[in-house]
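Handing you this structure, nothing more for now.
Labels run A, B, C and D following the written order; every chain starts at residue 1.
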Amino acid sequence: MDFSLSPTAQSLSQKIRTFLEQHVFPQEALYYQQLGGDSPHWRQWKVPPIMETWKAEARAQGLWNLFLPPHGSTGLSNCDYAPLAEIMGHSPIAPEIFNCNAPDTGNMEVLYKYGSDEQKERWLRPLMDGRIRSVFFMTEPDVASSDATNMQATCRVEGSEIVLNGRKWWSSGVGHPNCKVGIFMGVSDPDGPRHQRHAMVLVPLDSPGVKIERMLSVFHGYDAPFGHGEVSFTNVRLPLNTLIGGPGRGFEIAQGRLGPGRIHHCMRVIGAAERALKLLCERASKRTAFGKPLVELGGNRDIIADARMRIDMARLLTLKAAWLIDTVGIQGAMSEISQIKVIAPNMAQDVIDHAIQIHGGAGVSDDFPLAALYAYARVLRIADGPDEVHRNLIAKLEWKRQGLA
Amino acid sequence: MDFSLSPTAQSLSQKIRTFLEQHVFPQEALYYQQLGGDSPHWRQWKVPPIMETWKAEARAQGLWNLFLPPHGSTGLSNCDYAPLAEIMGHSPIAPEIFNCNAPDTGNMEVLYKYGSDEQKERWLRPLMDGRIRSVFFMTEPDVASSDATNMQATCRVEGSEIVLNGRKWWSSGVGHPNCKVGIFMGVSDPDGPRHQRHAMVLVPLDSPGVKIERMLSVFHGYDAPFGHGEVSFTNVRLPLNTLIGGPGRGFEIAQGRLGPGRIHHCMRVIGAAERALKLLCERASKRTAFGKPLVELGGNRDIIADARMRIDMARLLTLKAAWLIDTVGIQGAMSEISQIKVIAPNMAQDVIDHAIQIHGGAGVSDDFPLAALYAYARVLRIADGPDEVHRNLIAKLEWKRQGLA
Amino acid sequence: MDFSLSPTAQSLSQKIRTFLEQHVFPQEALYYQQLGGDSPHWRQWKVPPIMETWKAEARAQGLWNLFLPPHGSTGLSNCDYAPLAEIMGHSPIAPEIFNCNAPDTGNMEVLYKYGSDEQKERWLRPLMDGRIRSVFFMTEPDVASSDATNMQATCRVEGSEIVLNGRKWWSSGVGHPNCKVGIFMGVSDPDGPRHQRHAMVLVPLDSPGVKIERMLSVFHGYDAPFGHGEVSFTNVRLPLNTLIGGPGRGFEIAQGRLGPGRIHHCMRVIGAAERALKLLCERASKRTAFGKPLVELGGNRDIIADARMRIDMARLLTLKAAWLIDTVGIQGAMSEISQIKVIAPNMAQDVIDHAIQIHGGAGVSDDFPLAALYAYARVLRIADGPDEVHRNLIAKLEWKRQGLA
Amino acid sequence: MDFSLSPTAQSLSQKIRTFLEQHVFPQEALYYQQLGGDSPHWRQWKVPPIMETWKAEARAQGLWNLFLPPHGSTGLSNCDYAPLAEIMGHSPIAPEIFNCNAPDTGNMEVLYKYGSDEQKERWLRPLMDGRIRSVFFMTEPDVASSDATNMQATCRVEGSEIVLNGRKWWSSGVGHPNCKVGIFMGVSDPDGPRHQRHAMVLVPLDSPGVKIERMLSVFHGYDAPFGHGEVSFTNVRLPLNTLIGGPGRGFEIAQGRLGPGRIHHCMRVIGAAERALKLLCERASKRTAFGKPLVELGGNRDIIADARMRIDMARLLTLKAAWLIDTVGIQGAMSEISQIKVIAPNMAQDVIDHAIQIHGGAGVSDDFPLAALYAYARVLRIADGPDEVHRNLIAKLEWKRQGLA
């Protein structure tokens, strides 16, 4: 039983922390200013130049693509990467700096594991260089996507082509000026066994028949310059070599993608909670009411203590899930992966909500990153499987564990 | 003991409900379309023409200025008005239709009770006609406004003039194209007794020295065409007849304004919760996952039952507070007014959050009014005194009640 | 809309409060001493003499059988009786003083409404005189009694006799030395329509075949001198005139019994919460830690405020349910009756738990009535339908209300 | 980062689990029967013979005194002992079997670390043999013992004697027939520095002036044959060699005692929660209502999932605290020790409460160990520092961590 970080994780996390403190936090406001404060239409979104500067600097320091899974002598274990994801979670704009932002990480991982050499050359290389961005087309507007078997979009093989049809939404990152490609999931083999009916296809965004219908807001925010799109696919015809892995392997690939992806998401949202607690404490120490700093009023100390406990427990649980993936694989970590997917965002939502409350009106405004962090935590309770689906799975696995299945 | 609505309240609430169902709900989308979907700068905000149509129709039906307190043969009691506020709370855009939106209601009430004939003629009449809008300058960015004695803004009498200085924020409604006047609260008598140091002043927005510095977002939303502004006042010189009531009476006037205002806010947010529960149920009946409508899955029935119970209790408590104001006055309703200010928005935040969850991604988008209703409920836990201040007051009054003070 | 108590309710509640303060609270310890501190076997339980003194005094003051439903010129409405039940709930031993304790109240009401003249003469009269006590045989050990159709006990008519068989438990009051009769519910018509299969039978406790197998504890307490028994019925043969109402009418009678009974239970448990809050405040004012009275430490004021709000809301909801029963009948109050059955005991459990916490070790001991009140609240979440069954019914009725059934 | 148990911990925990399943669980009822079901007066309490049989068997298997801290080649680390404490927590009677029950463990540890050779010979040896039991006299009835500086009891050195005066309560274990000695904490140096005013003294229970005034119940239960006593000390004169460590060292010794003690308590209560979850699942699988097993009704699956998550997080946090004590010492684990003291019993109280609910009436009776486990969890929120004191300490340490102290 050893709860300490490995020397690798310790060293990298310290470097990233230093990077953020020196370069990013002092210039967060500049980033948003360069993004364009006047709410331009999403087609006018642009990449703030400072982001490219940060990226170059991070890459120069070796803080780049750290999410990649172990392979030969390179790559970090999930246990080692998790604390890095946490630190990147302190700011909504940090992950991209290190080329570690969703959904590119998951997409790169899929290509890394399942892509053909040709696919790797065309898409993985520029993604790993941070020259292009990508999107994952999964969720659909017309059905409850919490039940993946509801999926309606199709990708049928017709001769030497594969033809895509359907409508996707919450396609995150599709608004980014550099977004060039998406991984599309659809029904390829409707009559196959339940989990061998779907395929994943690489679709260039400029393919005829692909149309971004509109951008969706999250609590009125559009997450520029990434954004969340609703995208229609009308008879999009692609060569067969755009298929990843092969027909019917969509679920298998998705499954492998989701385990580490959930570790990343959960650790980032834990970082968001840490940032919120830090802001909460600072505000509670500086603001005065009724002759006392806020920290000495009412139940504020209890709020701080509860936040510390819930953050630390969520982190331990997430690290345990990462450790299980590393040691026994995703199948042996199914309950824990679902557990953190429920625990971490719910915890973060509550901690950030408390931080908002102690900031008063400032808390919901853009003067602090709290509203943005809140939106991230809140959405994460829906994305990648809603709380309800994960609780149900945890209960089923517990049932087995009790010998009652 | 009689929990039924009066015939007046029943009849008016039915009329408003019908109005909303016939005119507003089917055209909510049109309203937002006319508002301008491209996020224009706030100086380009405009009033959607359909709002003026709705207002004219509402006025023609006698559904106008219903919030006004009893006076002679006109006016409704708080008990009678409360259910009307609830129904208006079903849509963020409904209150304005009936000229019953904050902060105009509170401002009109102040003028109605404390304004000079001249002030009434100049400002109250056009407000009651819905021709202009107004703003209330109270909260300040640099201090914890939860403690009203922290207020730093000043309004000093200098000869025949009164001079305003200071900075206010969360000045709601200041962005509206028709917003012409504000009620400014500041320190007039710094050496007076603790609750006789402040004054309220009517300040035309075009007065030299008044500057809207910026608009503030609530979870990235700007509440167009009303908005929440940060406004600076630099040596704003006004004639003495802009003073309401007299120097040192600011707290007294504010106190009278807050009681009924909190009833209105709380009933509106209860209406918001009812709307959310309605949407939740509809979604739970229509969407299917794992072969069943969502309502039959997991704890969704418990969520519905809990929402029903919490809404009904919040309503009863708010009606009791209204009844106390009507029968024994604000002083005898202090605990209850604080109680509803804690209970109603917290309840609504939770119910709306559950409704968001069952809608999945659609819940946080603008496809449903849930994100907007959520922001209203969340902000109400901060505005008009944060939860913490109200809980503290309730405890102090309970202490007295137990004979322990 | 009028939230005030009627003059009758006000006057009676004041009398009962005075009675408790003058006679009961100062002598609660004596009562328990007379009950016998050495935990005698239940067959040695005796009635503390002071109880008979209190009863005589209460009857002399007209504070007797107040629970009886309106009939001619006598009897109180549910709205008028509810506040009296609340005050009696301040002490676990108070209801018996006024001959208003469960299950006798429900049993008397059943006899009052459905009993034959002969049954009234034999059982109702001594019950109304407080000379005997009674028990209700409903819940069974071998099935989930939350689903009443699970009932296994039988009462079959054989010629001029009715024969009882089965096993009941949680038969409250069966240990009382004066307990002479029970109302037994069992299947009389197994092939009848779903809600016309059961009957209620008056069974004298000394009938051959009736055996108290053991007494059950509630958190290790036995509720002497009432107690909760497990009772077996083996070919208990009774004359047909012991049948109440007639075969197949068991559900109908039970239904009529449960509405007002739940009002009583919920108001009593609200009284228990009020008592707990009073004790909490007193302790918080008297005990000192770290140089301050406990009330000034941490979140204790928030706990007091939350308790006040939850108690007041539960009371309002219960009074509304009572008002609905009085005005539109039990059928029109089904959702509200289930709502209070969930809300009141859960609220009381939490408030009492907080009171226990502030008392430290004393809170769980018998030095304060908190442990006893806690047990009452906790058990009430199970008795008369567990929370889960009531939440399910509330959701179903809400579904109808939303037009979705 | 390694979350696996050491081979030692794995092997021992498997042995204890097997021991409990083979010997204890099947005979729990017999134990209670031998204890005497007729609630004898505490002076008639006796040790069930089966307990001595179990103890002999456990000792023969080497499952004895496992709690002892590492020393030379014997003793387990806190990390290794923690999982053993968890398994012993599955039954309220298990810890004694392995001579690992509170307060003897803490008392033995104190003697082990601070006792003189003479004290060890006289008291530690028979305690380690399980021949006698002991008690810890700390909490006092007349002051808030959550603030240890409130302590009123005195132990003043007078010549060659030390004289004890004062009143203690919640002296757990004092009723045990074999209880022979207590460790008494009192003020020895009233004018010393704040944390050097107290001393610990070994007091034989048969010393003149020691009187057990009464036994205290926990929710009406007396925890026979251990019990919780209220004990008076009137001029109890003892030789100076009964002093442990020396005058003024009471706090220092208490501090060292509390760290591991809290690990033990928290792990045991986590075991209690695991037992409750197991019982909950079994009941949910066996009982049927409305045509389905309970597990398929309402939110029961969510309850199971939430219980699993909260148990696992509490365990991880407790193991981390144990790991910190093992690696950096108690001073470096202060926040975590307080964290688990809040988290574990609150979690267990909730999980056991849910298990009670699903058992219906059976849940609060003695047919299942749930009521006893509940009492243990509830009391633990008060004993060894109430939640409030620990939350306050956690907040203070967080404040320092954020650089704000």
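The definition used in the following text is that contacts are C-beta pairs under 8 Å (C-beta built on N, C-alpha and C of every residue); 3 or more make two chains touch, one makes a residue touch a chain.
Values in this document were obtained by computation on a predicted structure and should not be read as measured data.
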Please report the smallest number of touch steps linking chain B to chain D. 1
If you take the mean of the Cα atoms for each chain, which one ends up farthest from chain A? C
Distance between the centres, which are taken as Cα means, of chain C and chain A, whole angstrom: 53
Distance from chain D to chain A - Cα centre to Cα centre, in angstrom: 44
Rounded to the nearest Å, the gap between Cα centres of chain A and chain B is 37
Which residues belonging to chain D are in contact with no fewer than two other chains? 298-299, 301-302, 388, 391-392
In graph terms, with chains as vertices and touches as edges, which category applies: line, ring, star, complete, or other? complete
Interface residues, chain D side, partner chain B - complex: 298-299, 301-302
The answer for chain A against chain B in the complex is residues 38-39, 41, 139, 141, 143-147, 150, 169-170, 216-222, 228, 287-290, 294, 297-300, 356-357, 360-367, 371-372, 374-375, 378-379, 381-383, 386-388, 391-392
Listed in rising order, the residues of chain C that touch chain B in the complex are 1-6, 9, 79, 277-278, 281-282, 285, 295, 301-302, 304-306, 308-309, 312-314, 316-317, 319-320, 322-323, 335-336, 339, 342-343, 388, 390-392, 394-396, 398-399, 402, 404
